[in-house]
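Presented below are the structures under discussion, each in the form of C-alpha cells.
What follows is chain A paired twice: with chain B in the first complex and chain C in the second.
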Partner chain A sequence: MWFVARRLLHAVPLLFCVVVLNFVLIAATPGDPVTILVGDFPAPPGYVEQVKREFGLDQPIYVQLFRYLGHVLTGDLGYSFANRQPVSTLILGRLAATLELTLTALLLASILGIILGMLAARWRGSWLDSGVQGVASAGYSIPDFWLGQILILIFSIWLGWLPSQGNMSVRGAPEGFAGFLDHLRYLLLPALALSFRYLALIARITRAAMLEVLSADFILAARSRGATEISIMVGHALRNAAAPVITVIGYNLGFILAGSALIETVFGWPGIGRLLFDSISRRDYPVMMAILLMVSVTVVLANLATDILHRMIDPRVGDR
Partner chain B sequence: MTQFDKLALGRRALGRWTLGAMAAGAALRPGLSYAEGGSGTVVAAIDNDPPTLNPGISTDYATGEIAAKVYESLVWLDVDATPQPSLATSWEATPDGKTYSFKLRQGVSWHDGKPFSAADVKFTFEEVLGKLHPRMAAVLKSLGAMIETPDDHSVVFRLERGYAPFLVQMTVFDAPILPKHLFEGTNIPAAPASQAPVGTGPFKFSEWNRGANIRLTRNENYWDKPKPYLAEVVFQIVPQGANRSAGLQTGELDVVSDFYMPKPDLPRLMRDPSLQNRQGVNIPAIWFAMFNTKSPVFAKKEVRQAVAMAVDRPRLVQQVMRGIARPGIGAFGDGFKWLVNEDVTYDKKYPLDPAKAKALLQQAGYDGSPVRMVFDAARPQLRSEAQIIRENLRAIGMDVQLEPLERSVMLDRVFTKREFDITLQSFFSAGDPAIGYTRLYVTTTSGTNNNASGYSNPKVDELLAEAATAPDRERRAPLYKELQVILNEDLPSLVLFDEETVNVATKRVTGLWTSIDARDRWAGVRIQGN
Partner chain C sequence: MSAPLLEVRNLSVEIVTGKEKLRVVEGASFSIARGECVGLVGESGSGKSMSAFAILNLFPSPQARIAGGDILLEGRSLRGLSPREWRQVRGAQIGMVFQDPSSYLDPLIPVGRQVAETLRAHGRNEGTEARVLELLDLMELPNAAEVARKYPHELSGGMRQRILIAAALALRPALLIADEPTTALDVTVQAGILNLLTRLRAELDLGILLITHDLGVVAETCQQVHVMYAGTIVEQNGVEPLFRRPRHPYTQGLLGSVLGPESRAGNLFSIPGSVPGARDMPHGCRFHPRCPAAKHGVCDTDEPPLVIRAEGGSDRCARAGEIANAWERAA
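Let's turn to the complex of A and B:
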C-alpha cells in the first residue's frame, strides 16, 4: 500500500512539470490559432483582436499559464477554440473509440506476440523461428500508417472485404448482433495496423525471455519429472518469463495511445489520436494540452499498474 | 417515426461493441428499399469536423458544405453565376447601384416551425454578417449598408456607394439568413444553434458525431414541394485524401467535392465507368507566386519579369494539376472572360525563354544570392509546384531554397512578418474579382491572405476601387483591362494557373451540380438503389 501511495505522490510533481512544459513548448511554437480561425480572407479590422480577447489569448503568456493551471486543478480542461466546445465534452465523446482501438490492438499484439514468441523459443533455429524473427523485423521497420494504407488497398479496394474508413455503416446501420459484426469489420484493419509494431516487440521479448528460462535447471528438472510439453511451456517457462513481457506491454500502453493518432487519421477512426492530430494543425492549445496530459496520466498509471503486477508475479522485486 | 429513424436511434443506443456483444442474436437488418419517391441516403465526404455549423461566422469549406443544405440565402447562383431567386422571389436595383430592394418568399418557416420574415434578414446582416463574417463584415462596413424592412416580406439595402458584386455575394456562403429568434441576445459563436443549426433549407440538422459524421434529414415542410427528394444526407469525415478516392470506388461515398479530391487520383477516377464528374464549372480561383517587392532580389521588376519568362506554366498545369487547370495569362487569370485584356497577356509579354530571362536577370544586376520560397507544407501540389519552379529558375542561374511550412507558421511568416522572397499561394475569387482578387494588388499594410508583396501603386488602388463600384460589366471591363496593363508589367505576383475544379460522384446520384458552387442546391438531388 505504501508503495502505491509513494508512487502516486511522486506522480504529482511529474504531472505538474508535464503540464508546464507542454504549455511553454506549445506557446513557443510559431503560428497561432487565430489566423487559422479567421479563414482564407483578410479579416476586418478589430476582428482578430476580438477573437483573441474571446479566448484570453491577448493576455501575457504567464497569465495564460496560471489561469490554465488554476482551471486544470479544479478539473476544468478549458474550451476548444477550433470546436467551440468544452474540451472535456470533446474528449469524453472521443475517448471510447480510442480505448476500443488501442486496447483491441494491444490485446491482439499481446496474445499473438506471446504465442509467436513462445513458439519461436521452443523451436529455436527452425523455419518457424526465422519466420517470427522476420515478422518482428518487419514490425519494427514498417511504419504503421503505411501498413494501414496497404491494408486498405488490399482488403478494401482490391478484395472489397472490409470498409476503408469510419467505425460503423452510415447507410442503414444494422442493429443487434449484426451491428456488432458490422462494427468489428470496421475495427479489424485499424487494430491490425496499430498492433503490428507491438506484436513484433512482444514476440521478440517473449522469445528472449523464454530462451533464458528454458535453459534454466528447473526446466530440466520438470522435464525429468515427466511434465508435459505444454505444462512446461506455459506453467513453468512462460510464468517465469512473464515479468519482462508484462513490463513491455504495460510500458507501451502510453505509446500505443499516443501512437494511435496516425492510424486514426488513416482510417478516419473518430478517436482522441485524431483529435490530437487535428488540434495540432489548428493550434487548438486547450485540446492539445488536455490530450497530452491525459496521455501522461495514462503512462504514469500504466507504469504503476505494471509495477504492481510485477511484484505480484515476482515477489523478489519488492525486496530490492 | 420512419424506418430510418428507428435504425438511427437503434444504432445510437447500441453504442460500443461490448454492448453489441450482449445484443447477440438479434435479427439481421431488414433490407432498405427506396424504390419510389426517390428517397435514400447520399453520403458525401468532408475532411474534418467543421469549426462551426454557422456559415454566418465562418468561411470554412466544410461549414459551407453542410450549411448550404440547411440554410438559404436571398439568391443562389446558377452554373453561369447568374443570381436566381431563393428566399427572395424578386429584386431590383437603382441605376446608381446604391439601393437594392428584395421581395421575400412567403409561407417559409424555420425548421423549428417559426415563420421566416424580413426581421430575420435584417438581424442576420446587422448582428451576424456585419460583425462576424470573415468576408462580409468588411464589405458591409465599407459600404455603410443600412437595412430597412418596410414590411414582413420586403427588405431594402441602402449603400453609400455602388458595389458591383453585391448580388453575387448574397449567396448562402457569404450571406446565409439565420433565425433571429435563436441568435438574438446570444454570444453567437457559442450559441447552441451554431452547433445544431436551424435553417429554412431542404435538410434539417439531425446529429453530429464528432470525428465520424454529420447527419441531415429531409425537411418535410420545405417550401419548394415535392422537393427535397432525399431522406438523408450524411457527411462522412474522411481525413485522408486517398481514402476519399477509395470510398468513391468502393461505394462507401457518393459525392466528393473538388476541395476534398486528391488531384493525383483524378485522372483515374475520371475514367472510372461507375463515376460521373463535373469539370471546369467553378467560381474562379487563381494560383500564383507572390514576390516580396521589398526583398533585395525582387525589388526590381526586371527580376520578376525574368522569373515570368523562366517559369514553364503549361508544365505546371500538366505536372502539378494533371492537366486540369488553365495556364495563367495575366493578373486576374482568365476565369472572368469579360475582363481579360488580350493585348497584354503573359503569352505575349513573357513567352517561355530561359535565355532571354537569364540575360534580363544579369542586366538587372542580380548577384546570385539565394531566394527563399515559402509555402504551405500541407498542400502536396504546392510542393511539386515549388520543385518545378526551382528547376526553372536554376536554369537561369537563380538558386531557390524551398521552405515548406505548417500552415499557421506560413501565414505568420508571409502575411504578418513578410519574411519571404517568393511565396506560393492561391486565392478564391468568391464570385467576383472585386471580392477575391482586389486583395492581391491593393495597398495593404497587414492582415492575412492579402497583398503581402509590399507592392503599392496609387493608380492601381484607384482603379481597383473604381472597378468595384462601377455598376455593370461594360463600365468595369475597361478598368480591369487598364489594371492588367499595369499589373502584368509590374508583376507583384505572377499568376501560374487558373483552377479548374472536378467534382466527382457515383452515377447513382442525379440532380447534382445545378449551381456554380457544387455545394449548393441539393433539394433536387436523388439517389438510386439504396
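Let's turn to the complex of A and C:
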C-alpha cells in the first residue's frame, strides 16, 4: 500500500508538468481563439476587447497559466468556447465511451495475442508459428482506419451482420440485457479494428518471452520431475514470460487511446477522439487541454497498474 | 543375481545440427546397484552430463538425442518408451538434481510448491503439504514450514540445492542422478550436501549417479568411478584401487590436479590443452595429443579398446601397465 501511495505522489509533479507543457505549447501555436469565437465577420474592435476580457485572454500568459492551474486543482476544467458549455460535462460521457472502446480493444488484443504467442512458441517453426508471424506482420503494416473501413465493408455492407456507426441503436434501443447485447454489436467492429495492431505486438512479445523462458533451466527441472507439458506451459512458462507482456500491454494503453481518435471517426463512436479532432480544428483550447490531461492521467494510472501487477507476479520486484 | 538398478549399455548420444551429426557420447557402459554411489568424472565437454541426461531422455537442447545403446532400469529397457511413459519414469523412478540450484528453481513459485510438483505430476494430490514438510525435514532444513513458503531468492545456495534434492526424491525413486550438485556451492556448503547425499543413500537404499569434475568429491562419496574423456569411458574401477593405482594417463592427470595435503601449490599439475570437440576427434587414442606418455606409432594409430583387467576394473590405454607402475613408484 505504501508503494501505491508513493507512486501516486510521484505522479503529481508529472501531471503538473504535463499541464504546464500543454498550456505553453498551445499558447505558443499561431492563431487566436478570439478570431474563431468572434467569427469571420468584421467585428468592431471594442467587441473583440470585450470578448478577450470576458475569457481572461487579455492577461499575460503566466497569469492565465496560474489561473488555469488553480481551476484544474479544484476540478474545474474550464469552459468550452465553441460548445458554450463546461468542459467537464462535455468530456465525461465521451471519456467513458472511449475508455470502453480502448479497454475492450486492449482486452481482445491481450487475450488473443497471448494465446497466439503461446501456441507459436510451443510449436516453434511449425505452420502455426508461421501463421502467427504472418498475422503479426499484417497487424504491423495494415493501418487501423483502413482495416476499420474494410471491416465495415465486409460485415456491415456486404454481410449486413453488424452496424457500422454509433454505439447504440438510435431508434428503439432495447432495455436491460438486450440493450447490452445491442450495444456489444456496435462495439465489436471498432474494437476489432483498434485491437489488431496491439494483438500483433502482444503475440510477438509473448512468443519471444515464452521462447526464452522455455529454454530456462527450471523448465528442464520441471520436466525432470515428470510435470506435464500443459502444467509447464501455464504454471511455469507463462508466469515467467508475463513480465514483459504486461509491460507492453500497460505502456501501450496511451498509444491505443491516441489511436482511437481515427477509429472513432471511422465508426462514428461518440468518444473523446472525435471531440479532440473537433476541438483542434475549432481551436477550442480548454477542451484540448482537458482531453490531453485526461489521457495523461489514464497513462499514469495504467503504468501504476502495470507496476502493481509486476509486484504481484514477481516476488523479487522491489524487494530490497 | 538380480538385475542391477540401472544398467547403461553401449550408450551413444548425438547432437544433430542441420546435416551434421556430432557424437558427444560414444559407447558408454556402466551400472549402478541399489544403495551404491557411482561417480562419472571428467572435464567439461567430456560427455558426462550428456550421459546423465540420456538416462532420463531429457536434454537441455532439442538437438541432442540418444543414438544407440540401451538403458535398463531394474532390467526393463527404457528405449522406445512413449513420451507419456517417459514422463512416468521421470520424478517417480529416477530423480535428478542439477548444477546451479538457483537457475533450476522457478523464481516465481514458493519452493514448497516446487517440491510438491513432483507429487502432483504423478497424481498424488492428497497430503502433499505434509509430505513436503516431511521431505524438507529429511533434507535437514530447519523450520520446514517456514522454508516451504519462501521463494528461491530468499534461500541460500545450499538450501536451494536441498530443495532440489527434496523435489527429486519426493516420490522415493530408487535412483538419483546428481549432475555436478556441488559445483556452484561454497566449499563448506559442498561438504554438507555430500554428507546429506551419503546419508540418504544409506537410509533410502538409494542408487546415486554422481557427475562431477572433482575427484575429491568422488573420493568422499562414491564406491565406483568411471572416468570419461571426449565422449568415451577411459577407465573404470572401485574408488580405492583407482586412487591407489590409476592406469590411464588421463586419470593420473586428474589426480595430479587435485590439491592434496602433501602437495604444494607450486607443483600442482594441470593437463595441457583441452578436450577435443566431437568435430575434430584425433585419430587413434582420443587422449594422445595431450598425453605425456603417448608413443608415436602406437597411440596415434588405433583407438585402444576398453580392456577388463585381471586386477579389477577396466581401462582404455595401450600402455596401462607401465603407466600404473610408474605412478606407484612415484607415490
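Criterion: the second predicted complex is superposed on the first by the 287 of 320 C-alpha atoms of A that agree within 3 Å, B and C clash if a C-alpha of one lies under 4 Å from a C-alpha of the other, contacts with A are read in each partner's own complex, and residues count from 1 in each chain.
In the analysis below, contacts are C-beta pairs under 8 Å (C-beta built on N, C-alpha and C of every residue); 3 or more make two chains touch, one makes a residue touch a chain.
Note that the coordinates shown come from a computational prediction; the quantities given were computed from them, not determined experimentally.
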item: Contacts of A:Ala222 with chain B and chain C, given as first, second, both or neither; value: second
item: Which of chain B and chain C A:Ile157 touches, first, second, both or neither; value: first
item: Partner chain(s) touched by A:Arg122 [first = chain B, second = chain C, both, neither]; value: neither
item: Partner chain in contact with A:Arg207 - chain B first, chain C second, else both or neither; value: neither
item: Which superposed partner A:Ala82 touches (first chain B, second chain C, both, neither); value: first
item: Which superposed partner A:Glu100 touches (first chain B, second chain C, both, neither); value: first
item: Doubly contacted residues of chain A, that is, touched by chain B and again by chain C; value: none
item: List of chain A residues in touch with chain C within their complex; value: 215-218, 220-228, 231, 235-236, 239-240, 313-316, 319
item: Of chain A, residues touching chain B in the complex; value: 30-33, 35-45, 47-48, 54, 82-85, 90, 93-94, 96-97, 100, 149, 152, 156-157, 160, 163-168, 170-180, 183-184, 187, 265-271, 274-275, 277-278, 281-283
item: Residue ranges of chain C touching chain A (in the complex, touch as defined); value: 56, 58, 60, 87-92, 95-96, 98, 100, 103-109, 117-118, 120-122, 151, 153, 164, 167-168, 170
item: Complex interface listing, chain B residues touching chain A; value: 4, 7-8, 10-11, 14-17, 20-21, 23-29, 32, 41, 43, 48-49, 51-52, 58-60, 132, 134-135, 137-138, 141, 189-190, 194-195, 209-213, 215, 234, 236-240, 242-243, 246-247, 249-250, 252, 378, 406-409, 411-413, 415-416, 427-428, 430, 436, 439, 444, 447-450, 530
